[in-house]
Amino acid sequence: MAKKKLNVGLVGYGFMGKTHSNAFLQAPRFFDTPYEPVLKAVCARSAEKAKGFADTWGYESVETDWRKLIERKDIDVIDIASPNNTHAEIAIAAAEAGKWVLCEKPLARTAEEGKPMWDAVKKAGVPNMVWYNYRRVPAVVLLKQLLDEGRFGRIFHYRSQFLQDWTISEDLPQGGQALWRLDSAVSGSGVTGDLLAHNIDMAMWLNGQIVDVTAMTETFIKERMHNETGKKQPVTIDDAAAFLGHFENGSMALFESTRYARGHKALFTLEINGEKASARWDLHDLHRLEFFDHRDEGRLRGWKSIHITDGDHPYMKNWWVPGLQIGYEHTFIHQVADFLIAAGAGKSAEPTFEDGLKCDYVTDAVLKSAKSKQWESALPPKE
Amino acid sequence: MAKKKLNVGLVGYGFMGKTHSNAFLQAPRFFDTPYEPVLKAVCARSAEKAKGFADTWGYESVETDWRKLIERKDIDVIDIASPNNTHAEIAIAAAEAGKWVLCEKPLARTAEEGKPMWDAVKKAGVPNMVWYNYRRVPAVVLLKQLLDEGRFGRIFHYRSQFLQDWTISEDLPQGGQALWRLDSAVSGSGVTGDLLAHNIDMAMWLNGQIVDVTAMTETFIKERMHNETGKKQPVTIDDAAAFLGHFENGSMALFESTRYARGHKALFTLEINGEKASARWDLHDLHRLEFFDHRDEGRLRGWKSIHITDGDHPYMKNWWVPGLQIGYEHTFIHQVADFLIAAGAGKSAEPTFEDGLKCDYVTDAVLKSAKSKQWESALPPKE
Amino acid sequence: MAKKKLNVGLVGYGFMGKTHSNAFLQAPRFFDTPYEPVLKAVCARSAEKAKGFADTWGYESVETDWRKLIERKDIDVIDIASPNNTHAEIAIAAAEAGKWVLCEKPLARTAEEGKPMWDAVKKAGVPNMVWYNYRRVPAVVLLKQLLDEGRFGRIFHYRSQFLQDWTISEDLPQGGQALWRLDSAVSGSGVTGDLLAHNIDMAMWLNGQIVDVTAMTETFIKERMHNETGKKQPVTIDDAAAFLGHFENGSMALFESTRYARGHKALFTLEINGEKASARWDLHDLHRLEFFDHRDEGRLRGWKSIHITDGDHPYMKNWWVPGLQIGYEHTFIHQVADFLIAAGAGKSAEPTFEDGLKCDYVTDAVLKSAKSKQWESALPPKE
Amino acid sequence: MAKKKLNVGLVGYGFMGKTHSNAFLQAPRFFDTPYEPVLKAVCARSAEKAKGFADTWGYESVETDWRKLIERKDIDVIDIASPNNTHAEIAIAAAEAGKWVLCEKPLARTAEEGKPMWDAVKKAGVPNMVWYNYRRVPAVVLLKQLLDEGRFGRIFHYRSQFLQDWTISEDLPQGGQALWRLDSAVSGSGVTGDLLAHNIDMAMWLNGQIVDVTAMTETFIKERMHNETGKKQPVTIDDAAAFLGHFENGSMALFESTRYARGHKALFTLEINGEKASARWDLHDLHRLEFFDHRDEGRLRGWKSIHITDGDHPYMKNWWVPGLQIGYEHTFIHQVADFLIAAGAGKSAEPTFEDGLKCDYVTDAVLKSAKSKQWESALPPKE
């Protein structure tokens, strides 16, 4: 049976534009989605670059002004894959125009900026989602299932890292199109919004609300040449961020993200220790879940490495056969599949803008604590 | 610049039909190929099944007779993804019709059956390729580069396994569409042609010709219900196969494949030990290469786990960023990309039908030795 | 050539009494030490228990009052392996009597208690050492060598954990001979002095002084039956402790210890990230060092697992042959060997009482910060 | 209670003399043995070397003729740690003198040479044991228990390797005291008797009798300087050996040993695949057992890494606490403990001379098959 067409308008053509576009094309082939996304238009300030991207991915048209894209009647969904400082304005306008809205993470540079975004999609009643793609790693979804089944008992510890090493060189410049993540005016923060936000989003999904934090941040390299001015300028982002804190369930939080951990490319890790079980996962071997079950026979207890490639593992019956792994891009495909299925039922898929906003409150608290040198609340303000 | 269209006619719609179709669609988006494959027609005996497959993957038409498919003027490439007993007839007819030919592995059920296939494509002068997809795992290609650079010195040992466990249950039937791999009339052999052929193809690519073997095979479960007759019948395939032997370069060969290794889903492994270096790889973590370099400083020698996700690793600059892994399906995408590039230059991509035939001679020798209980030559006959 | 005899008087006969006694006997057989320890006397309040221990280990005599032991002329070294609350008094008396003094870690329950101990051995001029045995793991010593050689460049991060899970059950009592570690009156603190002290001692040896901390501690189980009163009483120790902080060299510190990490028995870990290299180690595979060297050829960079069993690895030429691992008890043997060699040259072996005291200042700061919810200085007071 | 004294006379003072001596001293301290070995005399052709060894280990006296040693009334046990070509003569003489006999592995250079040794101890009725020490690795003993409990069901595969790399250099000489293992006149064979014998002994203990084999051996370096003649001479040993075969229980055997596997120091591995479970172990991490249990819940199946350091693991309650590993030398200590306990009950501890002889029949078959290029029986001859 033919699937309904869903017209997508993409803003941005960088790395995330690529992952999203691939996901729009692949999802309906591998999953039973009610919609088939149609790549209707891609929008970028440079018409030439938009055209090149459109050619590769099969977008039918290009726009150079996102306002035009939103005005188009033939667009159903606005997908925001442009830098962080553009998220709020585009998302709010799209919601007001009645479009469905997908937004790259973090939702906004600050919770203050993100709050009106959540308000806008709520008011418009449109399906919305933030691209915290790692929630869709099958191993992580299995862990979520095990937690929901109560297999861990009382939780004592949750720890998570995101370790990279790509900014160690002093010769790396900052800013501009390629390196806007190093320019806080555009990105809002350094690793806190870029990496730590992933750790936090996943943690709160798995283990509940983080209530308070004591944090430290560091900027190891103080000045870098700025791509827009061509001059050495102070670096305004955090190169590394770490915090201790508490979850609402009483467990202890230990988080860390950095771009200065030599030898780690994208080592997103998590570990959770409960009364009856523990588990750990990392992105460098994303197809494995390590699981320790205290209810195993005593002398045979140990950490089990589960190769998440079987038909009874989340999402995996739609892929290959046992033993054959999937990779990074599949997390986006799963997210599109879930979004299409949810939207088909008139709902948003998690993480919604509300979830994205909750994460922003925590990242705000981390940055605030690092400055104040005090414990800070990570809770959303009472309404 | 728009790519030239290349019209594909696929025979078969099973698991391999899916991996090939995905590769045809993805390759031109991620790689700079001279052609863009067009999914023109899929052929299957059941029109209904062909139609369902065509809908999912976007094939423009269906055929129920492969002869019709080959007759079609609008088809450039015939891709054979049907069971082993059909390879020879289709491939020869396709070559004679001047089509380019892609054939699933093994080339044929025996070298005797495969020889005319190689003769046919050679005579027709058409680009051809056998889908030994694991040659395109980036980690394995890196290993090939290191070997070609002479980093290993004299080779002493090469060992390789393919361990599965999916046929251990006595209740599993044999034969029919779903389980033709367990019916030697269709498949030619059991694990020898299905799994061991992968080990052998890769080994000969990396380490050269295998010259002789002493082998043993085993059929652990002697009778299974046959899906076509509904009756218990003797099992005619080998459930497990192992051999010792020698490579032309003097190194020792140790190979094993089985579907009775509990706990292993698709554990294709290889290890090579040279005078100056060693390496190992396995399919369960296909994005890693383990490398030992004896030229490292003495006290710091050890096995290094290289996470093959960097831009300077084979194929990887076309995918994501360091740390983000790819999976199983990508090996087919790489193979299509290489085939398109080679064909654009009027050549075949390896492994060609000739390579596929050489592998058949070795698998024949393994089966022969297991029967004769003698050492047997694994060399192609002198012409 | 016969070695000089060195008469040892041991206080305590528990787990640590066993590790020390074994080390005294083994060290002179495997290492070229100037002295051969003679197990002269073991002291415990229970004569019967002392006698049983003496029989097993070959102690020539027993004492039931440590003051008597110190008075004995035929004792050269006092080794303190009794609970934390006894360290100060015994050590000071031993030093004043001119004995050499070995003391289990932590030096004392607090820095305030430990300061006079350091003063006493300094004043007496006697060789002294604290049993932070993990400094003598060969893999860790190799890491220390690599750091001293400048192979890591500027250090960005140092993180360390000590994870256990043996106190999760609510039925476990506290206090008494078996469980004095759960009674803060005897132990001084919970995991902070017991486990975190190991992390800190090793970190400061490898990476320099810790200058400040922000910490949190937790007592997950609030009441336990006390072995001495037979009644449920509040638990006064910390079950878990974590802190963030800074090293003097500007690197970021992240530390954690707990007895509530299900699945981990004695998982002491450390990782250090420098500009040019990174390394990690853990106690569950203590014979391995993981090393990442950024100066390796780009496409061949990876984490190397060095199996620390070669003759050119620290201490290992005195043991077996490459590939054959040693274990936990060997760290004590190495420490005795180093102590004997240093003492033979009239010196103390590290960590000295001064080192032990520095560690106490940091653990004090951790406990203080956890209470004050402020950043606290971890430096020794200016004299 | 004081233990009975058992007077040991050791022949040989090399590497194995050291491991045995340490085991004699340590066993009674850590295990509840009925005897305490007394190091009465060590015998070596060089009085000076014997004296040096005696000083280090505390042997009370030295002998330079093993016949004298056997004649001594004050010796209860003869322990043979001298090269392979001396085993038979000494063991037979010792048995005839009524001594208990311990013999390094392999029992003899050939089964023909070993048969009279087994006959002699049988006739004399003296406790006897062969030092196949790896049977006493706690992880391996746990595996044995699991097998005996029937947890694996029908066994399909057993594979085992012993990989080393220490003879790759052409400059390494052969023969003499240091390198008698490279001189087949002394050793009997190369890796077959030295390494493969370990694989075989353990395999037959765990999985039963090996019935037939097809083998290959290789001598990679054809000539080496001989330490006794100072001249280049043909190398007469096998540098590498591999075989396929069958166990009596119908499972398939795949074995390999070599000293040319670059990067492996002493990598003794084994894996067993049964219907219901699989397990693997290796010597480089001897304190771990990898276990796969098919009866685990489907989506949670995986390989479990069991850290063999708990009180309910074999031998481990006599050592430290959970998480703290033991090493290589402990296998000998366990073997002495078991021997003393068995001898105290008037029995031999396994592996007895009979077990050692059975292993010799298999290694003989391997060498014979490598020469004949035929399958050969590995069974002991029918009596």
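By written order: A, B, C and D. Residues from 1 in each chain.
As a convention for this text, contacts are C-beta pairs under 8 Å (C-beta built on N, C-alpha and C of every residue); 3 or more make two chains touch, one makes a residue touch a chain.
Predicted model only: the values in this text are computed from it and were never measured.
Simply put, of A-C and B-C, more C-beta pairs touch at A-C. The most distant chain from subunit C is B, comparing centres defined as mean Cα coordinates. Averaging C-alpha coordinates per chain places the centre of subunit A 36 Å away from that of subunit B. Taking each chain's centre as the mean of its C-alpha atoms, subunit A lies 42 Å from subunit C.
Averaged C-alpha coordinates put the centre of subunit B at 55 Å from the centre of subunit C. Annotation for subunit A: residues touching 2 or more other chains are 264, 301, 303, 307, 310. By the touch rule above, subunit A contacts subunit D in their complex via residues 142, 291, 293, 296, 298-307, 310, 312-313.
Of all residues in subunit A, those touching subunit B in their complex are 2, 15, 19, 22, 25, 29, 55-57, 164, 166, 264-267, 283-287, 307, 309-310, 319-330. Taken in their complex, subunit C has these residues touching subunit A: 156-157, 159, 163, 165, 168, 214-216, 218, 220, 240, 242-246, 252, 254, 256, 258, 260-264, 273-278, 292, 294, 301, 303, 373-375.
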